[in-house]
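This report refers to the structure that appears directly beneath it.
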Amino acid sequence: MPIWQELSWPRIKECAEKGCVVIVPVGVIEQHGHHLPLDTDAFISQEIARAAARRDTEILVGPTVPFGFTPSNKNFSGSISLTAGTWMALIREIVRSVHRHGFTRIALLNGHGGQVALSRSTVAALQDEEGIRVVVLNWFGLVDKDMGRLFPDEKMPGARVGHAGAVETSMNLHLREELCAQGSLVTHLGPQAPPFVSKVGGYVQTPREDLSPSGVMGDPTLASKEKGGELFELAVERLCAFAREYRETE
Amino acid sequence: MPIWQELSWPRIKECAEKGCVVIVPVGVIEQHGHHLPLDTDAFISQEIARAAARRDTEILVGPTVPFGFTPSNKNFSGSISLTAGTWMALIREIVRSVHRHGFTRIALLNGHGGQVALSRSTVAALQDEEGIRVVVLNWFGLVDKDMGRLFPDEKMPGARVGHAGAVETSMNLHLREELCAQGSLVTHLGPQAPPFVSKVGGYVQTPREDLSPSGVMGDPTLASKEKGGELFELAVERLCAFAREYRETE
Amino acid sequence: MPIWQELSWPRIKECAEKGCVVIVPVGVIEQHGHHLPLDTDAFISQEIARAAARRDTEILVGPTVPFGFTPSNKNFSGSISLTAGTWMALIREIVRSVHRHGFTRIALLNGHGGQVALSRSTVAALQDEEGIRVVVLNWFGLVDKDMGRLFPDEKMPGARVGHAGAVETSMNLHLREELCAQGSLVTHLGPQAPPFVSKVGGYVQTPREDLSPSGVMGDPTLASKEKGGELFELAVERLCAFAREYRETE
Amino acid sequence: MPIWQELSWPRIKECAEKGCVVIVPVGVIEQHGHHLPLDTDAFISQEIARAAARRDTEILVGPTVPFGFTPSNKNFSGSISLTAGTWMALIREIVRSVHRHGFTRIALLNGHGGQVALSRSTVAALQDEEGIRVVVLNWFGLVDKDMGRLFPDEKMPGARVGHAGAVETSMNLHLREELCAQGSLVTHLGPQAPPFVSKVGGYVQTPREDLSPSGVMGDPTLASKEKGGELFELAVERLCAFAREYRETE
Amino acid sequence: MPIWQELSWPRIKECAEKGCVVIVPVGVIEQHGHHLPLDTDAFISQEIARAAARRDTEILVGPTVPFGFTPSNKNFSGSISLTAGTWMALIREIVRSVHRHGFTRIALLNGHGGQVALSRSTVAALQDEEGIRVVVLNWFGLVDKDMGRLFPDEKMPGARVGHAGAVETSMNLHLREELCAQGSLVTHLGPQAPPFVSKVGGYVQTPREDLSPSGVMGDPTLASKEKGGELFELAVERLCAFAREYRETE
Amino acid sequence: MPIWQELSWPRIKECAEKGCVVIVPVGVIEQHGHHLPLDTDAFISQEIARAAARRDTEILVGPTVPFGFTPSNKNFSGSISLTAGTWMALIREIVRSVHRHGFTRIALLNGHGGQVALSRSTVAALQDEEGIRVVVLNWFGLVDKDMGRLFPDEKMPGARVGHAGAVETSMNLHLREELCAQGSLVTHLGPQAPPFVSKVGGYVQTPREDLSPSGVMGDPTLASKEKGGELFELAVERLCAFAREYRETE
């Protein structure tokens, strides 16, 4: 399982020569309720990428980027939020270095819902200004339908994946149960949506603390270590499938 | 029908005092095949907003922003593409001025598919750094399901709305038939997708000219002035509904 | 009369091939007294350019840039003022796209007095950093002497063209009388100059509201639709002359 | 004669307390023909300011800014040209520091023709974004009519002051004859204008070396040490007059 | 041992309330010869900080910043080098978030020699522009004299710590022997200095590949796991001492 | 003694052709106690460079950069402090122009302790992004050991050179006694260090006014014109030695 930062430089050179796909895990450090670690988004992405790399030796896991953009959570202790401009520059320059060493198949594996649009904007700007092409994946996008199937009873505000709800809690239980403070599970389904979400589309972003004092959006009491494992397995499989497809492109 | 730039300053003051919703039409100047004008995205947004303002006197149509971000079309003659950073600054500063004059209900009505993510990123940064809240709407989002219903035979690559296909051609026929060069309709459905679109999600952005020599993505021969009118009417109604909802928020 | 944004891309290509001069109308959205529309500066420039293009088929009217830099008017409702840096970037990138499509004779036709210096600075930077050459014209510069001749009784503070005074009001009456609120003409000749204008040159810029509560600098009651027409005609003729000269350069 | 950088900090404090006008000499380092020193523009401004300060103890000469913006001369050995953006930032931050120490009457005394527009743009941006007001003076603006009177036979291309012609050479002879290489006077009046200067206004900036191999624009053989002294004296007097006027403003 | 990103937000809040010192490990991903992992600099800093936090519960280990500035190593496969400007912004914004949550005793623990000056510049700018005070420590600075004592036979070019030489190799052996490819040790002591280092001070930075094909500067064959442990222990002790001192400041 | 800005452009061309070393004096305008001029750092550097150039005709003294970065002194009247970003840009662009004219041996001779790290960061970024190599020298680095030898009784807080203490006062006495207000010597040795300087390294930067009301760090009463001359002579000699060495590199 090659992990970029743990290799020596001649090993990276070999990876480039054999045409490895580089998967760069991308997340954020932000509140995940009373019970989950702050780096949940980055960690899940990283572990999916590493598991995929254990199965497919032509996947190289790029350096995890734990720093992200989370203005709506920035008032919760521990959240670290870059400005949009700095985040875009950070991702661009990391990718620029990866590309410089001969890798042409590069993907971000993002784990933070609040970064989906910004990730796309970033790679569009990168391609526009530097001609480097990058695919954006979101791990929850890999298992989009499975989340609803596995947690049918979670009444989710907004996005399926919620925030520190059943899905993310299950994933953490599967991956690092010891860091989950299960005694402090708090469910916040009340204000199930931001104050203004139009019926015809469009919404106003609301500081998370106005929606949920705990920061949770969803129902972590429905979480299950086994379902976390099932979801993880599906995500890993699909990431492997992605890597195979990607390598087959010219 | 109040249009920002055609009013005198005391009229804008009155609009602010009565709590008007400001709808800022946002588009781009980019190729739209052999048959449609370059400013199609900006113009459709603008006309929908103006029609809504004719029905609802508490909608104020902001100044149209015809300049946008379209790196994948930039090699076609006539396309004008700003860098992502400059576009973000432009939108932020326009909105900052609007907000400064006392408007608190502001929405962008975007007409360019390639700007959806960047619009979201921009308003997220604006709220993060300046505390100004803006809703992003896309006119094609207002009629998402209707496009498929009205043009069932168009085999669309990627997004429903296509590019210079049946939908945009119909809208232009409805709004300004005289600018549509109907003799030069060219259909491009061949390379129905970018060279690499993964089955599990994720894709590589491709310069448009590599996908379609004419720039068209879709089938403009299926266009109909009447269907354009129907779609336009639906979009206007829904924008009016949005404005009512928005004004009711605190 | 080719107008950039209303053409299809193959038409722009033809214009480039025949060596058209591109005139980009540039203005600002800012208060113009109680009686004139906010986009007066952009609109007059645009209409002069369009009229010239109706007479000379080798003039291509570029996309109008209504967004400008007007810090001294920014406190009046409706004024939209970009920062100097963003405005410079906006103009540079629009011109960069125009130049990319093969046009080598490009001019800005500016209509905003407060943007004369910044326009020159912008094109100087553009030429310095990207090697693209652009001419800056101001429509009031085309008729510099005629303004004094036509309105001898207007005691103008500062520049001949004033602000929402006889000249601009006459032009609007000629071009779009229906948008001029003639009942609300207010003359402000009182504080005919900024608080500090040295006899030897040099001045301190003053917020407009401190000089004129209505925003007007000049005497719009002297305006005349006919004189507006005469001035407009002269400006159009001279812009045509400019385009002929410009095309003759190597 | 207080010169900012030669004082100790308590002396600057006294100057602020008595309401001194701060004159910041601004120039550029650029070619001035075969016979004049590169810092001519900065030096003349500085010497005028210093002479004024010798006569008026309430003038404080700010630190000379020799670095400027001169893209059209940048190919001549010795020219040092900043980008427009960096120059604007440099001036803004120097002025910000001056203002921070309690000075409210600040003027730039510019000596470089190619910086007139950029100086205005810079102080406009400074006032817009930081609320600091600065007057822009150009030393040649102080003696605008006198230059023509003193050198009637110099057929000047473009601006009266020329470049390394009679005016600047005379000033240097008056101020520092020892640095003028009078044996190497070269007159360049040939291509008296940039390749494209429209009759109705507007021009294309041309690299200086394409207009004048020596870099001179004008006729330095008409220079005279005495006329230099006369011009200098007039400029000093007018700068003193300016400072008196300025101090009288509230 | 509290590690920022592994905590939940209420735990971070507690840490702020009890006045914890935050130590942010800072490194770079760059070549470290044929035998050491790319993230050596970040990892050693991180492990020293974590060990200190195990002994002193009022140390909170901030999120490790593995991305750094290493232009001289950027041509070696695997090196990831940000521009100086982006790195400064990244560090500033991370620290800004940490400070926002109530921490006033913040230190960077840097592990990259090529980042010592830039770290100081960054915190100076941060204090200047945002008023946030940060201490810069370098782990090799904590054990400056011990390195020479422990490895007297290593003839080091330039700095004591070398690059992938005896010190860093020993530290890696102590911390993660399994990632050290000991069979591929290469010593490069030949061009013991950059091509130009003046006797009176001052030098020209040279791309590392011109000095050492392996990237090593020093003699890793002198490394010893035991000495690595001794050095590590000293660094941890001194970091603990630092934290105690720092907490005692007002 | 060639001084860049006093030469004509053909003379600069000759200097480039004979391979001159360019020494750019760099300082700051900041408080230097009650007795020394604000530009002490820039002036000493400049005079050392000029004296060296008098002895070695292949040294060309670049234009002095008096503007610098001094946040900790910015509250003292007269200090002019750029932001770190603007300073870096200023230095980079000056050097870029110097390099453009054919000079490949360029050194900064810095005189400001608070700029040592930033100077290194700047030239590292310049080399990274533009491939231009520059040596950073500090004049006090040229005489590092001599300062202690000459002023054994000065108990210096922090760096040997102090601030407006014995060393800088002696240098000013040697170079321009007339600008030294010797009646106002104030010694500040009291708070001999910033409030927090850890025993193991690392410190918190403190606004100078909190350490020393006069701004002085050191004991100017120990200054001596003769010792100033001795120190100056040593610095000049070593700068000449440096230039010789530098010219010998390929």
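We just call them A, B, C, D, E and F in the order they show up, numbering each chain from 1.
Assume contacts are C-beta pairs under 8 Å (C-beta built on N, C-alpha and C of every residue); 3 or more make two chains touch, one makes a residue touch a chain.
Not measured: the values here are computed from a predicted model.
The fewest steps needed to get from subunit B to subunit F, moving only between touching chains, is 3.
Common neighbours of subunit A and subunit E under the contact definition above are absent. Note on connectivity: the fewest chain-to-chain touch steps from subunit B to subunit D number 2.
Simply put, subunit A must spin 120° to overlay its Cα atoms on subunit F, rounded in steps of 5. Look at where the CA atoms of subunit A average out and do the same for subunit D: the two points lie 57 Å apart.
Centroids of subunit B and subunit E (each the mean of its C-alpha atoms) stand 49 Å apart. The mean-CA centres of subunit D and subunit F are about 28 angstrom from one another, to the nearest whole unit.
Shared interface positions of subunit F, defined as residues touching 2 or more other chains, are 74, 81, 83, 85. If you sketch which chains touch which, the chains form one closed loop in which each chain touches exactly two neighbours. The sequence of chains round the contact ring, opened at subunit A and continued through subunit B, runs A, B, C, D, F, E. For subunit F in complex with subunit E, the residues that touch the partner chain are 69, 71, 74, 81, 83-85, 88, 107, 114, 116-118, 120-121, 123-125, 127-129, 133, 135-138, 141-142, 144, 195-196, 198-205, 238-239, 241-242, 245-246, 249-250. In the complex of the two chains, the subunit D residues touching subunit F come out as 4-13, 16, 29, 31-39, 42, 63, 65-67, 74, 76-83, 85-86, 89-90, 93-94, 97-98, 100-102, 179, 181, 184, 215.
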